[in-house]
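What follows is a group of structures, each given as structure tokens.
Next come two complexes built around chain A: one with chain B, the other with chain C.
Let's turn to the complex of A and B:
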């Protein structure tokens, strides 16, 4: 009789595994930019490195100066994005090649940070802006680790820290203004607009001056697509964009996670199995003691 | 320059300038400088050209000004009268009606006292009182006596009949040099004494005369006191720091500093911050409007660091060659790399860490052996 029960449980476990596997294999749908999506188009060939956008961003977001680096206390000289800096201009310089690059949140179509955030403090909001709600944040910093562009930053110097990242000046958008960085750019190196318009404009520039650019709009497909698009005359990898995978980060992660929990079959099956094992072993130990 | 003589009626500034034969060119020039000092914030300079400013100011009646000197060095008066073009002094005296001024008036003794009484009576409640120098308050204010009267009493009496009070210079603004530690005379600024009248502080050692003219002419033309900051300073002149418009600012941004007087950087006109320049915390229009009608005639222009004379917290308090914190740091002409190199551990640190780690492992092994031996012993 025991062996019959054993076979029964084996069968049940197999059934549970079978129930889970197909949903893992079935990929979740690729996310598309939402209809009201806005974004930025940064053209590295137009940028003159004046850093007006860096100053405007700090003023708009009331961020303190990062004086820890160059000059020791004299300058606001962040090394990159950090807890004081939501937007920064960096320089790539190599033999014969030189380019500025603006770094801020890419506002991914399918953001890794939103996928990683366990309480929904980071959300894909109005206009497709990846926005942050400090009231829901527990400070786990999963978003910092998850982001393929190394954007969200944790306030290490604060007693009640929050995550610092570009939210595309959503308070300015609500007032009908464009983001601070695009508003001050003297060369329109970074422009603000509807995502679809920006994509068209980027392709128009590529078509009109094919020799000027690496023939690619970074962010059109990379990491599942980003609402901030880049044009450059230098390979994007050299500018610090290390990922050119087409799939978004949450694509695989959420396929697995959501598959496991689909219909709650997996957990129920697992606990049923464990329960059965316990039940069976309880009988055995009773035998021994008696 | 018969400043003490009060004109029979109050002519407009235009009429007075014509009567005195002051060239129109100089007046337009003067108005242009006013525009430089007050690019925004004053109704009289909110115009497109110096001619338009001249037209506005020209129609105003000359403001009657009574000028009192307290514990001062007359430096503020000197900066007002200092000139490199021949008739600036007379230009000034024709734009304002300087009815009483102890330094430039001809009268002395009883005549001077009478002139003050006359000036006060003629324009009762309408004149602008300008105070130069700090007011001693210690020991009942006995450290300053003018014509048998204590300075503090004289100030109260004249201020009571004034329309507005202008405290010119750092001494009148908060006490200045006489009030610096240990302040033997208990020197204070005008706004600590005069409470019933609007007091406009124009600090500086000396302040730029055009700031004074902008304030007084704004009052004469529109009847309003210009907007003031929390220290009572007119915002049109004191809203920016010296650093903001400094001609050497590009050197600061590029990180090029003079480090010793007379070194290569100093001779090349590099930034004076490291020599103690207080420009980054000092609110004043010095960097756009220089002194004595001469280009580059101001501290930084001649290679001396800014002393911060318009700031109570800085002037005569922080040593001249001590550097200050930057109030609003901005990006330098320096760019972070795309992939900044993070500093690894130094070889020494690696060695120390290795030693500590090895010691811990060794101690663990020995401890476990001893424990094991103990177990064996107990088993036996």
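Let's turn to the complex of A and C:
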């Protein structure tokens, strides 16, 4: 290999390395909740586990009963979110401690599922709701890999499956109604409202009754922030919230990818370079040595 | 002297070949059944492990094993080592078949494959943040490029005027097709790494790094050289051709030194992130991490111990490269991915049989093509 070609490769390798370096310095900006954002505030200290919200959600969304594991299908009690269940109440119980917890889509401020979705079947739209459009879905399930809360569910039992997840009753919101789950809650354990109002309310409760709560609003900062906020008297990790990192999930990937593919200049330049080198090398080969 | 590539010839439907066809047919049958009953009954996949064997093995590992065309093209066209040219055609054929099979695997794995055509056409819906979109578009384009690159081999024997004309046009456009054949794998093979960055905290910190794209790119190149060595020795043995031993040793050297750099980058990155302690923790993650690294370093150790390896030792050393790269990629998609308590995945028998069926189909087409078309060069052994 002659020396100018060696230099050329050194140059190319350096350029590639610079492009690929996870450049935290020029990382993308942190996303903030949009101005019209709405959400839920769930207070575990108020929930009595009646599951009225689970039933209301199923009725509203026309979801079938999940009777798996109950013999002849007598009892609809989903164990967790699944292809029949967009909203669920679970019980944590251990050594004198217990708490109910409600699970549904968290409507992340910077959702990983939306970053994953190829054609934008999952999108963050009006009110910051993460919605789903089946016509743009190919069923790749990359959203399920990406979601840090394991929320999107796939219809494994169907030959023409779709993704099942809470869309915060956006059809009801359009009619001026609140979501089905908050509408039926007899204890206002889960309430619907503007994101900023809910955050204020959560902090007011923490301040008024500090002894009642773990001193944090889960979702205010966790995984980049979520539009569904939680208060609890039991550690959040015990309720199944595994992650308390402040950085959103798409942050790392998009910082790196945007670095490499900024304006698509990198790939076009590389193509031109490869073409030019192939053209230059055409018809003469460099096999003197070795 | 090199001999021009020639069809191997000989009868096609041998007993072994019929067995291959039978396995492929079983795979096709099970695939039809999978579309009838849905993914839940046909696979062990779940909402916790939504991607399984078909993606981690057939696509993520399979396309890296199909990077021989890419890796040798770099040597021939960029490093300008024309003498490696005889290795190109068989490598491109394996690449074309490997990528086509990966495409088929994706179609079997997708829940709504009938929407697939929208991916390349609905450009107004493209989500430029989606690493998967980039992978999908690049792989679709690359499959087309690979078969175009291979077309001259199919046209060579023909004297029909349209075949001559097509060959002439292809020859003119070849530079840009060849360049595209190097650009596309650079993009999508690195993006296959970026893809798992979006698993975020569900991916173990020993694997989750901003360097995933570079590590995936290096892995596919090392595996590309490894597979060319592997395949050259294999087909020279099976079809009785003389292998290009000296060249193969050089390719294996690239892969072996690449392995050292690969492990170096990983450890430096872990140190920089202050997470070396995770590697010291020998749970199933730490253990896999070190097995991967040991496999990456082994080919170099073998190379240094035996600088002039015989065919057998070269073959074994190439197998280690393939194993190292495959394990790294497979781990990144399945072993290092932890969706939380309560989720388990081990592929179902049907999943495995469909994967095996696809591989059998790939082998069957490979054998048919090299027997009928001029792909493999080298002189026949004097018997």
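Here, the second predicted complex is superposed on the first by the 244 of 290 C-alpha atoms of A that agree within 3 Å, B and C clash if a C-alpha of one lies under 4 Å from a C-alpha of the other, contacts with A are read in each partner's own complex, and residues count from 1 in each chain.
The definition used in the following text is that a contact is a pair of C-beta atoms (placed from the backbone, for glycine too) under 8 Å apart; a residue touches a chain by one contact, two chains touch by 3 or more.
The structure presented is a predicted model; accordingly, all values stated were derived computationally and were not measured.
Trainee: Kindly classify A:101 by the partners it touches after superposition: chain B alone (first), chain C alone (second), both, or neither?
Mentor: The first partner, chain B, only.
Trainee: Report for A:146: first if it touches chain B alone, second if chain C alone, otherwise both or neither.
Mentor: second
Trainee: Quick one: chain B or chain C, who's touching more of chain A?
Mentor: C
Trainee: Looking at A:115, would you say it contacts chain B, chain C, both, or neither? Reply first, second, both or neither.
Mentor: So A:115 only meets chain C here.
Trainee: Once the structures are superposed on A, label A:88 by its partner contacts, choosing first (chain B), second (chain C), both or neither.
Mentor: Once the two structures are laid over each other on A, A:88 reaches chain B alone.
Trainee: Tell me the contact category for A:77 with respect to chain B and chain C: first, second, both or neither.
Mentor: first
Trainee: Per the contact definition in the header, classify A:137: touching chain B only (first), chain C only (second), both, or neither.
Mentor: A:137 sits against chain C, while chain B stays out of touch.
Trainee: Answer with first, second, both or neither: which of chain B and chain C does A:161 touch in the superposed model?
Mentor: second
Trainee: Does chain B (first) or chain C (second) touch A:263, or do both, or does neither?
Mentor: neither
Trainee: Where on chain A do chain B and chain C both make contact?
Mentor: Touching chain B in the first complex and chain C in the second, residues 240 of chain A appear in both lists.
Trainee: Can you list the residues on chain A that touch chain B in the complex?
Mentor: Interface residues on the chain A side: 49, 51, 54-55, 65, 67, 69-71, 73-80, 88-93, 100-101, 238-240.
Trainee: Give every residue of chain B touching chain A within the complex, in rising order.
Mentor: 252, 255, 273, 325-326, 328-332, 334-340
Trainee: Quick check: in the complex, which residue numbers of chain A touch chain C?
Mentor: Interface residues on chain A, with respect to chain C: 1, 5, 16-17, 20-22, 81-83, 112, 114-120, 134-142, 144-146, 148, 150, 152-162, 223, 240, 242-243, 245, 249-250, 252-257, 260-261, 267, 270-271, 274-275, 277-279, 281-282, 284-287, 290.
Trainee: Provide the residue numbers of chain C that touch chain A in the complex, in ascending order.
Mentor: Interface residues on the chain C side: 35-41, 45-48, 50-51, 77-83, 109-113, 115-116, 118-119, 122, 125-134, 136, 175-176, 178-180, 182-183, 186-187, 190-191, 194-202, 208-214, 250, 337, 339-340.
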